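A, B, C and D label the chains in the order they appear, each numbered from 1.
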Amino acid sequence: MSTVPISYYLVLSAILFGLGIVAFVFKRNIITIFMAIELMLNAVNLAFVAFARAHNQLDGLVFVFFVIVVAAAEAAVGLAIVITVYQNRQTLNIERINLLKF
Amino acid sequence: MDFITQHPVLVVSLAKIVALMFLLMTTLAYLSWFERKVIAHIQSRWGPYYVGAHGLLQPLADGVKFLFKEDLTPPGADRFVYILAPVLALTLALTTLALIPFGPPSVQWLGESTLIVANSSIGLMFVFAITSMGVYGVALAGWSSNSKYPLLGGLRSSAQMISYEVSLTLAVVGVVLLSGTLNFNEMIARQSGAFWHWNIFYAGHGSFPQIIGFLCYFMSAVAETNRAPFDLPEGETELVGGFHTEYSSFKFAMFFMAEYANMITVSCLATILFFGGWLSPFPESWTFLRYLPPAGLLALAVYLAYDTVVLARGIARIQLIVVTTGALVVGLACLHPVALAVIQGPFWFLLKVGLIMFFYVWTRATLPRLRYDQLMSFGWKFLLPVSLANLVITALVKVWPLLVNHG
Amino acid sequence: MFILDHLWIILALPLLGAAINGLCGKKFSKTIVNSIGIGSVALAFVSVAEGVREFSQLSADQIPWMKSYFTWITAGQFKVDFALQVDQLTIVMLGVVTFVSLLVHIYSTGYMAHEEGYYRFFSYLNLFVFFMLTLVLAANVVLMFVGWEGVGLCSYLLIGFWFLKQSAISAGKKAFITTRIGDFGFTIGILLLFWTFRSVDFGTIFKQLVSAPPDAAVPTGVLTTICLLLFTGAIGKSAQLPLYVWLPDAMEGPTPVSALIHAATMVTAGVYMVARMNPLFSRAPVALFVVAVVGALTAFFAATIGLVQTDIKKVLAYSTVSQLGYMFLGLGVKAYASGVFHLMTHAFFKGLLFLAAGSVIHAMGGDQEMPHMGGLRSKIPITFWTMFIATFAIAGIPGFAGFFSKDEILDAARSVDIWLWLLGLIGAGLTSFYMFRLIFLTFFGKPRYDEHQVHVHESPRSMTVPLIILAILSTVGGWVAAPHLVGGTDYFEKFLHPVFAIYAPPIAEGPAEAFESPGMTLLHALAGWPVLIALAGLLVAWWFYIKSPQTPKKLADSLRAPYTLVLHKYYVDEIYNAAIVQPLLWISTNVLWHVVDESVIDGTVNGVARLARESGSELREIQSGNARSYATWVVIGAVGVTVLMIGLWGMVR
Amino acid sequence: MSLPFIVFFLCAFLAVVGALTLILAREPIHSALALVLVMVSLAVLYLLLGAEFIAAVQIIVYAGAIMVLFVFVIMLLNAGVEERTDYSKLARYAGLPLGMFLLLALAHWMWNSFIGKQIANGVGGSNASVSTRELSAQLFQKYLFPFEATSILILIAILGALVLAKKDE
């Protein structure tokens, strides 16, 4: 049974990463911006797994594991911050949270 | 066509899925009947009685009712999510069962083991993966119906599920440590022997009896499936119907079935992990026990026959005749050696599952509902530490010989 | 060999004293300050004495005695050790320096008794001793230069000791800057020295000179240049023409300082240096002749100015200048030993003169003008007698210290060049004149001061004792040179001979009268021109200031022009001021300050600051506080990196 | 056209669609669901790549925990429709073009650099799947220290979240 070329996965991961970046710039809601970051992480993970597969090495998978764990931690703290921000400013629009300037 | 021949697994799996779905649906339907009956008898009532003998047709009636009720969607609800939620809930709940082995892998057809749909090398992980997704059903339902009570119910249940998932997993990890695999069949195979080889009891070389583990698992499982005494999400007294307040007709039925499906899943898991899955509780040497299944069926048939003759009247009698003959035929068929071989695993497995389900119902019938804060503090401050301790102890006991030998 | 092995002790003692007094002397009582200041110097003197004893036991080949303690500077070839050296010359200097400074310390306890910053004064004095000893003991030019500058610093500090007095401050500055001009030459000389000999150690340099035959080692031109440059330093330090102007002003400092630094020790550093460098100078006749000429001229010139000064210390200052001139004259005619000898005797009697003058001023309650004095002979006898002796000594009256040394120098000079001798001779006459003039004006005749306001009183013991000691020395100090009278070489010269003879061609034994009989020589010496002219000076002074006091007035009126010229010190200060100071001031103000400093330097600094501020105020707009903009910036960065990497990738493949 | 290809393209399609939905949806919850979709399809792709354990972890942790957290917060804050403000001119005019450029550049780069030389061993097809045992061996032996470090990181994150989220009375 034939196999899917590695480059397909890589291209897919590149596309997802690009979309993640677009979302990162495009979205206004803090939470969705977070999601954009998560999306980028996922894209990178895909690349990791693909390479791990390509080179028959487990390190890539281990890295994915770590990435996921760190992402979890980041999400926990980040969302806590989001909640605090919302409690203080009553908005999630990142463009309205612009006190920190000049 | 050659595509199909290239991948026989597709055909087999499809067949198995269809069969499983059919059985499952019926089971779910009749689980409600079972629950009501049990509770009724515990509360010294008769329970469903009039729709067919022993109210055996009640599920059908309910089904019909659900089908023909009006399907309401609250104004301002997010339609897509509103529909997605129950679908998600049920689908996930049913999907889980694809990983459950109902019998030994030795039973095969077209080179694929028959009594399990997907024999994954990390089945346990996948079960957890899918169940963990189950939260969405509840949460989305609560959010999408654009109403206060469901929202609160959704929040509560998602919080509750996340919290209890932790201790659930931790409780199971003990067993994983003992069996050193994530594949169900291997886990079960490791527990072969009589019932004292089951993980819950076995204290032989380097393994620690998982009684604590099982208790933690069961409690968190009850909470995970939003069953009493942890059924806060649909705590009628405070939240009306919880997350599915706004749902009606078949969507509601889907939630209902999802709940039962989850119960089944959890019970199956408990059976596999702690009670030796499809293994017989008695030593292999007692060969006569191989005839227990047919015997049981035949006994059932006899009882039903007596019932038919003595008690039943009218339509119930006809229905009873059908059931009796069914039991008779199946029982006789099971006497055939092949069938006998096939039936062993499922018989014991379903028996154990049934017992655990009964346990479920029993708890629901007996225990009062907790308060929300009690629930949370119980989950985080009691269950989690205990299951952690159990895990640590298990690990220590497992590595103790190594330490001693090295030291 | 304790001291010779641990020469650093000699240095450490005064430094320690200076440190203690300077750092925490403020809280000490006078007694403690005294004991520390005097104690340290006394100990230094004792250790020097011990050193001398040990030195006397050394065999000839152990001299000069070298001690290298640690490497101080290394830069490529340039390597300077903290190395000390002892030979006969050093011994003499050590003795003079420690002894005189000890006496001056003691004297100061009396003289400075009522001054503010008592501890400061003593700390400075100790520091000075330390640096002077460093200068003397140094085994290489650089270390010597350290001492050289150090004493300059101390002199500056001490001249400006009364730093509330404007004149004192400016005098200090003047001294410092003027000597700095000399030091400039000195520094270049050192560099050139290193560049020529690839070393700064005396030993190494001199050996190179000796090993090679004359003019083979180094071209004479270079040597001459080096010597002249070094001599420039000497000119600055020892107040020779044309840089002598700072010394008279330096009299603003306390009198003990004048005695110690500006008479006995520091100003003679130049002499010492030239003597130390005698191998080089011996190989550079031109430079040597320049030294002689400058010395002789200074001797005469300063003496003329000294004639008409009325401030007692000023007179002494100019006499110091002229005496230094004699020393250089001696060196210049290769009579190194005589030069150093005169240095020693001069240290004694000039120190004594200053101290005595100090005592007089003390008695007069701070008044320094001779016209206000007179008739003090009976009031302050000790001061009078000691000063009288000192005057005899400096005037060159036979039997006193000055007689021997000056006589030798003049002899040597005559044997070299008659004109130099003539200048020296006239200078000697003038010297004896103005010195006796000083004595007569101060101690004889009627008191010209108000008896009721000024209560003349003899100074305390702490001041008189040093006077007496020095008086004795200035009497007998010269007798070590007695044999010279009978045509022999004196002990002092014998003692120093190794230092000067090793490298230099041996001095011609004795002057031309060598073949005469000792008796004749003695007669010649005692009745020689110097003595006669000295006596002449004495008589003239007596005539002018005792016999007919109105004569000088008439004389002054009769030849008005030269008188005023001399009275105003030939207007040297004014000339310098017009020729050098004013232009410099103008350049500094209009170019360096207003152009370089204000517009260039400040402009640069402020410009940078303004640039930062304004670019910042522009760039801060980027910090819009809108996180999406930041996100876009991140993306821009990512795009940049990606483009770069793809480019690189393309290159790699 | 064999099974792996079908599965791959199906999941790839779903993933891209999910990503696009994440961008275009105005309801945060829709974005969240879209992201869940992406993650699940990625998990399937991991399965296809034979990384079963990672696939499971991906679903459990990402879809089952992190995204649930997101949904939970969205529900908690009752985040409504996103308002498409454009105060940041830079983001408005430069953001999308740059992002798209980056997307295309990366994709093109990947394609060119790997399409040429396919790594020989059987990529795809879950026949040669990584055993969890090997992975855990890697994790607990070669990468033990990072593992511990991450555990501590998690702990800190928990504490931080608690401190941040708790009502300051």
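Convention: contacts are C-beta pairs under 8 Å (C-beta built on N, C-alpha and C of every residue); 3 or more make two chains touch, one makes a residue touch a chain.
Every value quoted in this text rests on a predicted model; they were computed, and no experiment measured them.
Between the chain pairs A-D and C-D, more C-beta pairs are in contact across A-D. The central chain of the assembly on a C-alpha centroid basis is A.
The centroid of the Cα atoms in chain A and the matching centroid in chain D are 6 Å apart. Separating the CA-averaged centres of chain C and chain D is a span of 87 Å. Distance between chain centres (mean CA atoms), chain B to chain D: 31 Å.
The mean-CA centres of chain B and chain C are about 111 angstrom from one another, to the nearest whole unit. In chain C, the residues that touch at least two other chains are 624, 626, 628, 631-632, 635, 638.
With touch defined as above, residues shared between interfaces to two or more other chains in chain A number as follows: 1, 21, 24-25, 28, 95, 98. Within chain D, residues 2-3, 53, 57, 65, 69, 74, 76, 87-88, 91, 95, 98-99, 102, 106, 109 each touch two or more of the remaining chains. In terms of inter-chain touching, the protein chains here follow a pattern that is not a line, ring, star or complete graph.
Here the chains touching each other pair up as A-C, A-D, B-D, C-D. Per the touch definition, chain A reaches chain D in the complex via residues 1-29, 31-32, 34-36, 38-39, 42, 45-46, 49-50, 52-56, 58-59, 61-62, 64-66, 68-77, 79-84, 86, 92-93, 95-96, 98. Interface of chain D with chain C (complex): residues 87-88, 90-91, 94-95, 98-99, 101-102, 105-106, 109, 113. Remark: chain A residues 21, 24-25, 28, 33, 94-95, 97-102 touch chain C in the complex. The part of chain C that touches chain A in the complex is made up of residues 620-621, 623-628, 631-632, 634-635, 638. Residues 624, 626, 628-629, 631-633, 635-636, 638-639, 642-643, 646, 649, 653 of chain C are the ones touching chain D in the complex.
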